[in-house]
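Heads up, there are several structures right after this.
Look for chain A in each of the two complexes below; its partner is chain B in the first and chain C in the second.
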Partner chain A sequence: MRKLYLRMRSLLLASTSVIIFFILWELAALYLPSPYFPDPYSVLKAFITIITVGDIDGYTLAWHTLMSLERVLLGFVVGSATGVPIGILLGIKPTLKNAVTPIIEPIRFIPPIAWIPLSIVLLIGMYRYIFLIWVGVFFPVLLDTIAGVKRTSITLIQMARTFGADNKKIITKIIFPGSLPEIMNGLRVGLGVGWMCIVAAEMIGGEPVGLGRLILKYANLLQIDTVIVGMITIGLVGLAMNYFILFLEKRLFRWRVEIKA
Partner chain B sequence: MKKSIIVLSIILIVALGAVAGMYGAGLLTPTQKVKIRIGYLTGDLHHLALHVAVAKNYFAQYGIEYELYEYINGPTLMQHFVMGELDFAYVGTPPALNARASGIGSNVTSLPVVIGSGNLEGSALVVNQDIIKNISDLNNKKIGTPGTGTIQDVLISTYAKNNNLNITKYPGRISDLPVQYARGEIDGFIGWEPYPSMAVYQNNASILLTSHDIMPNHQCCVLVVSDKFLASNPEIVDKMVAIHRAAIDFINTNPAEAKQIAMNVTKLPMPVIELAFSHMSFSKSVNVDSIKAFLIDMIRLGIIRNIDIEQVDSFINGFINTKYVSG
Partner chain C sequence: MEKAILLESVSKKYDVGSSSLEVIKDLTFDVNENEFVCIVGPSGCGKTTLLRIISGLEPPSSGRVLVFGRPPDPKRQRFGVIFQEDSLLPWRTVLGNVEFGLEIQDQKEAEREKIAKTFLELVGLQGFENYYPHQISGGMKKRVAIARALAIDPDLILMDEPFADLDAQTRSFMQRELLNIWSKLNKTVLFITHNVEEAVFLAQRVVVLTKRPSKVKQIINIDLPYPRARLSPPFISYRERILTAFHEELEVT
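Right after this comes the complex of A and B.
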């Protein structure tokens, strides 16, 4: 009963803050005398138009969203598939990690958007997007995986060795499962960064479809209501992806104190 | 001792306050010249009049201080223009029309007013002739444009609509279009000169259509001033128009030197500049009919939503300042 009460209270609070947000938005639109600050109703109308009719080139919101999702998921898969194994390798081989740190650390601080000009002249179409997403996903996954490996109990590893386990078994049965919570955290952060990268990449990349392109297209036309439609969609999809990974995390790591909390 | 420190402190505070007050009231600052802010587009030969004016020192001759701001395309430039970041701009007619339409009725935005003609025609559609041999081959092809809402985007969209062609437009930065074309990502592109001519010389592209073929003698770029600047600084606008007209005269009377200036600005070889020049003309009068045609096309394409076809004439009357330009 108390659980239901708490859930209802939380839902009510969330709904109230959303309503207050829309009221403030409406008031701001009313008092800000700019044709480039639309009210919520104009944005709702633009939402309906873009969903049902499509944009000026005929692409619907669903199509823009699916294209962006496809790009980000492909980049995410490549980023994870490289970040996790390399992270484990660097975690278990500190000498190797020390050797590559002078290369990895400076590259890590180059924002994905700075790679765009280079990717335009070196890569084509989807490969360009995959690369840019990879840049966003790889480093958070790599660093969290290394941290996860370091957190693996040395006692467990020594015990496994005492019982005759080889390196392969230690990695697959102890280090990898032990690092999974941190890896999952890296994946969640990486997916968020990747999602932000795709929007920036689409704004410059030249493809006709994608949420980033939708925003730029309508910014060029000074139709800000549709720009906000694109922004809201990006926020909602990002939120949904974040919740999906949190959900997975909760299902996979019920034993973790942090997850229960 | 203590007393004198207090007195000195009070005198110091009062003096500082007085100085600050006089500074705030503008009594201590010398009468400043207005520094005009001019926007233009990356590597656009349509804006040659501006580059000529800079190269020939016309601004100094007229006692005008200026700052130049470069943008990747007309719509991006106009986003800054309507927010009051620019006083003048060399820009394509459609982005200027759209900016005026979007801000009409609002007194906080800066609306563009045409005070000069930049150039007529001057865009071309270049293609890979192995893939696209004639107009009907454009069907289902990927054609690059320098961005949604640019004059090239409006021209190709209207052309496709009128000829029942299904073209997939790939909007991108003008400087990236030849690269994307060379890499086979797009089958062709429409852009402002000298980019199409560049693709002809450097990437073996062929010119399928010039903008003359799409809309003969059309107005391309215009010189616009912010309505607010026009109202507050009419004498500077007079001088700017004089500078612009002198530059247009220079281009038409000294084409060889004008081409040399174009070469210096774009860093491109003379054959590219020569070809680009063959696709455009520099005129002091605007083609009002073509501006109306652009407005109607933009309304039909859904780019301009708040103006009806019936309002076209009155809209154009406000858009073009007949004190400075004639049709």
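Right after this comes the complex of A and C.
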């Protein structure tokens, strides 16, 4: 009973703040001098148009979203497939990690946008997207994997050794499963960052579809209402992905006391 | 008969920063096959270190260590080690933990489960197969670790204060269980403790270590039939003898 009450209350609180947000937006649209700043209503209209009719080239919002998702997921797969193994390697070989840290650390702070010119020069087509998303995914995955590996209990490794485990078994049966909570956290953050790179990635590449493209296309036309449609969609899809992985984490890590509590 | 464990003037030094710490110095003793030997010694004297050396996790700094006639190597010999600290895999269920050693030794899956269940029953944990370590008590965790060590049919069982954090009742129950298992399975057991009464209750021989750097202070044969009565006069006199030796080590500084 009390639980239901608390739920209702938090739901009410959440919807109140959403309503207040829209009222403030409406007021801002009324009083801001710019003719290009749309109010919520015109954004809603643009939303419906893009969903049903499509944009100036005829692509619907679902299509834009799917294309962006495809690119981000590809980049995400490559980012995890590189980040996790390299993270495990660096985690178990501190000397190697110390050796590459001066290379990795500064690169980590270069934003995806700064990589655009290089990727135009060096890569073509889908590879550009994948590379730019990879830049966003790789580092969170790498760092969290290293952190997870470092947390591995020495007692567990010694225990496995007394049973005769070789290094391969120690990695697959102790270090990897033990670091999985951190790795999953890295994947979640990595997917989020990768998703946020979508606009940067789609700034290049001639194709007219993708949420980033949609935003850029309508920015050039100065139709800000549709730009905001693209922005909101990016935000909502990112949110959904985040909750999806959080849900997976909860199911996977029932053995973790911290998550249960 | 071949010795199960043979230690000949074993020493171990650790380098800590710039100084070095001598933990074990010139330690010599042996353990016969199927024998139950307890090691007692003051805290920090190097008992766990000794166990790591015997199980091949660490080499000695000098001296000779032989387990069944060869240098210890867990890849070629079967050791059942029960660690002082919690050593269960938190992401595996109780059953999965007991299967772990068998899995490392490439036992087939169907076999694995059958064997694991047998040993869970042996330690009285049937019904807890699907619990995770954080859902069972400390004493139960120790029993899972014991089942896991026994499941691989070890040639040598090495136990590091396995019952130290159990309450008195569970502890004496586990001691009796261990003796049952030992007489049933015919294993060599090296059991570390700093509880003298426990040593007298369990062991055929008790090795008393000196304080660090530790060597053998005294080896005492316990010539009492099992099961032993803790309040019988000979039991008490053994206990007093060992306690005296033990306390000398605690007092001298």
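The rule is simple: the second predicted complex is superposed on the first by the 256 of 261 C-alpha atoms of A that agree within 3 Å, B and C clash if a C-alpha of one lies under 4 Å from a C-alpha of the other, contacts with A are read in each partner's own complex, and residues count from 1 in each chain.
Note that a contact is a pair of C-beta atoms (placed from the backbone, for glycine too) under 8 Å apart; a residue touches a chain by one contact, two chains touch by 3 or more.
A quick note: this is a predicted structure, and the numbers were derived from the prediction, not measured.
Contacts of A:Gly206 after superposition on the shared chain: chain B is touched, whereas chain C is not.
With both structures placed on the common chain, the touch criterion links A:Met159 to chain C but leaves chain B unconnected.
Contact with chain B, but none with chain C, is seen for A:Gly125 once the two complexes are overlaid on the shared chain.
Legend: residue contacts after superposition of the two complexes on their common chain; A:Lys173 is shown touching chain C, with no touch to chain B. Contact with neither chain B nor chain C is seen for A:Lys3 once the two complexes are overlaid on the shared chain.
Of the two partner chains placed around the shared chain by superposition, chain C is the only one that A:Arg254 touches, whereas chain B remains out of contact. In the superposed model, A:Asn220 makes contact with chain B only, not with chain C. Annotation: chain A has no residue touching chain B in one complex and chain C in the other.
By the touch criterion given at the top, residues 33-36, 56-57, 120-121, 124-125, 204-208, 213, 216-223 of chain A touch chain B in their complex.
Across the interface of their complex, chain A is touched by residues 73, 75-76, 78-79, 82, 98-99, 102-103, 105-109, 144, 147-150, 168-173, 176, 179-180, 183-186, 301-303, 305 of chain B. Note for the complex: chain C touches chain A at residues 52, 55-57, 74-76, 78-79, 81, 83, 85-87, 89-92, 100-101, 103-105, 132-134, 152.
Here chain A touches chain C in the complex through residues 155-156, 158-166, 169, 173-174, 177-178, 180, 253-257, going by the rule given at the top.
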